[in-house]
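Per-chain numbering from 1; labels A, B and C assigned in written order.
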Amino acid sequence: MNHGIKTILLAVLAIAGFFVPTLLGGSGAVYAACVLIAIFAVMSYGLDIVVSDLGEVSLAHTVFFAVGAYTTALLSASAGFGPILSLVGAILIVLLVAAALGFVTLKLREFVFSLVTYAVAVVAATIAQNWEFLGGSDGLRGIPAFEVSWLGFTARNDQELWPVAYLLLIVAIYLVSAFRRSKLGQAAMMVHLNQRLAVTSGVDPQRIRLQVFLVSAPITASAGWLYAYQRAYISADVLETYFLILMLTAVVVMGRRLLLGPLLGVALIQLQEKFFSFGGYVDKIILGSVLIVTLAFLPNGLFGIVSPLRNLFTRRAAPVGKPIPERS
Amino acid sequence: MNFTQQLVNGIVLGHAYALIAIGWTVLLGVARLVNFGHGQMYMLGAFVTWYGVSRLGLPYFVAIPLAMLIGVAVGYVMQRVMLQLTLKQDLVSIMIVTLGFGYVLHGAAALFFGSTGQILETPFSVKDIYWGDLWITYQDIAIVIAAILFFAALKYVIDRTRIGRLARMVAEDPQLAQLAGVNVRRVYLGVFAFEGAAVALAAALVAPRTPILTSMGFDEVIITFVVVVLGGIGSVTGSYVAGLALGLFTAFFGAFVSPAYATAAAFAVLIAVLVVRPGGLAVSPGAR
Amino acid sequence: MTIRPVLEATDLKVAYGGNVALDLSHIAVRERELVGVVGANGAGKSTLVNALLGWSRGAPKVSGKVMLDGRDMSALPPHERVRSGLLLIPEGKLVFTQMSVEENLATSVDVPHDVQGRRHYSVDDVYALFPRLYERRHHLGSQLSGGERQMLGIARALRLGPRALLLDEPSIGLAPRLVSTVLETVRSLVDSGLTVLLVEQNVRAAIEVVDRLVLLERGRIIAEGPASEMRDNPRIAEAYLGAHVA
């Protein structure tokens, strides 16, 4: 597909997307659902670049989400910071956490790295439940409404929060797209596809992993930032496995490395929870099963089923799949 | 709590940890596979045993094989679903799939067994022994004996029998093993079934020590991870020793510093080790 | 007057437990020289190439010095050596199969242009050398034939500004005519100023293009010298070329 047409199409989508809640009826419930979808999608986009581009499984992204949420809660409720400042604070803290985690795991190979991230998330949950500073098992309450006084903007409910959520979503998608076009994104793909070959191209896999981590953490943390305002209350249940499974499923269910994949994935899952739910535990079974089935049987996700259609838009000059015969 | 009591606790806990980790020792050592659903399989084993004993009225010694059987079935199904991924050595997908299975097990167990805590009472756990100042239950003794027997048997099977040899061949080089006529698929299925049985047995023996919840299992994964990495991936003796060391550490840390953060502290120790020695402490043949 | 070699390794030893895989007292490649290292399978050729780059499979004991333009590289990790200009075209997976030719040729690291001795090849230079790659520039690596992949592998390395190029068994999997084409390409690159260490199993083809030949057996050098002399060396003739040498 022509690059120019693609850009125009995306721009149109970006503007039109803002009006989706209005088109769906504009009720409080619709806005609530859309804001949540936006938040969870941004959360998933952070994980997306680690899983789809770098090719590693990070199970610590719930920690980044929680750091974003908790920092926001602490800064806004106890220190009286406004939303912009608490976002800056959340990003700074999460960068420290991600850097620490990145350095510690620098030399670890794939699955040990994943195990360590898993353990970090579990330990973080223990800390969140026991540390009084973070509210212990009661959590932190009293997060004020989203109010940027010098802009005269206040969001007291989901409908008013929607523009913020949507803006965050657009920014996140843009960042992911920019990342994929950047040198870092290219290097990450090289490390993912063929690490040895990447090294022979002068790429340092450890540094790349650290850098990708540092780019992905703030994205997920910013979702936590907004989640704190949306819920007005944060407790240790932001570290529940649910968010992790949600993120992972959103990243893989549509297909790997699709720009709008995580957004559509989150929307699909939220739809199931709202309209096809049979109770919390059955939902767990459904979500987990979707994840398993996607990875085990549909490696290219749902879009993999309709993939032949995509070839109509490809600009490859040769037929896909067959090697060019040698001219003798 | 005095020192000797903690020593005894630590030894019992250590054997419990070693027992819980035994499935992974084989899984990682032979198949180079990770099972993130390990904790939930442990939970399942505990609950099946509890259900058998308290709801079905089965004797403890019948409930244990029942739990192991269900463990085998779960392990087998997991690997059967993942088989293509295993053969392709797609580690990323395998990790996420096992995580997904753990989540499904959690949901299913909560649905079936409920979400309240239960206590698994066995003929052993209610019998206390007092020896001077020290307190121990028959269950604790059973754990220690079972762990020692299990480890000895495993070491024997791996080192001296044909099955062990096949497993070691697959561990070192699956392709080469296939060329030597080994049915690699069956080995992978068997290894996962073993993991299911082992973790269920461990659960049946160890779970009586504390109340059980369908939301548990995460600490068990960390403990298993620490034991296996500290002991040297794939090393049977190493896992045993590491389990013991971890048990003692947890007992003393829990008693003298803080019980809630004991697992976190153990994990911190592991991190310290990994930073200094990214390959873990021991290197075993067939480890990458 | 002795000219300092571009690439030099001294007392390079690689041992796995008690098993010595490589034991070289000295090997060097001079400016604009094409040195061929040959030997049977298991002779230590790949071990040599990996050791020069700072790689090791498993956990062997590696000792010795590797020097690029007199600078000691021994403490540097592989990607740093690559950035200094010591480039490897590996055997087997030598291109990114899921990226296009164009993408393969785009570098993701900055290549210093002004460093003395490093040859700078732009994308146009590379396409001029390998017109076939230009024709196939939108194709994926997986859609290229064996010979084209080898060319792309070389082109990728050229794009990184080599000071010294290591080629690991380029002839593997290629038809004999292609092997000559690839090796002749390497020869012409050396003639235009490149410094290359070529590791090859195919002695007959290698001996046609190299300046000097080194024969490796069980990790040790058992013969070396200018190509013309080595042709007459009975060990070479007997062991590898068969009784008749053209």
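Keep this in mind: a residue touches a chain if its C-beta (ideal position, glycine included) is under 8 Å from a C-beta of that chain, and two chains touch if they have at least 3 such contacts.
If you're wondering where the values come from, they're calculated on a predicted model, not measured in any experiment.
Averaging Cα atoms per chain gives one point for each, and the point farthest from that of chain B is the centre of C.
Inter-chain contacts peak for the pair A-B.
Closest to the protein's overall CA centre, chain by chain, comes A.
Averaged C-alpha coordinates put the centre of chain B at 48 Å from the centre of chain C.
Centres computed as Cα averages put chain A at a distance of 32 Å from chain B. Mean C-alpha positions place chain A and chain C at a centre distance of 43 Å. For chain B in complex with chain A, the residues that touch the partner chain are 34, 36, 81-82, 84-85, 91-93, 95-97, 99-104, 106-108, 110-111, 218-219, 221-222, 225, 229, 260-261, 263-264, 267, 270-271, 274-275, 278, 280, 288. Taken together, the chain A residues at the contact with chain B in this complex read 51, 55-57, 59, 104, 107-112, 114-116, 118-120, 122-123, 125-127, 130, 241, 244-245, 248-249, 252, 279, 281-285, 287-289, 291-292, 295-296, 299.
Taken together, the chain A residues at the contact with chain C in this complex read 183, 186-187, 189-190, 193-194, 196-197, 199-205, 315-318, 320-326, 328. Taken in their complex, chain C has these residues touching chain A: 53, 55, 77-80, 82-83, 87-90, 93-100, 103, 106-109, 136, 138-140, 142-145, 147-148, 156-157, 160, 175, 177-178.
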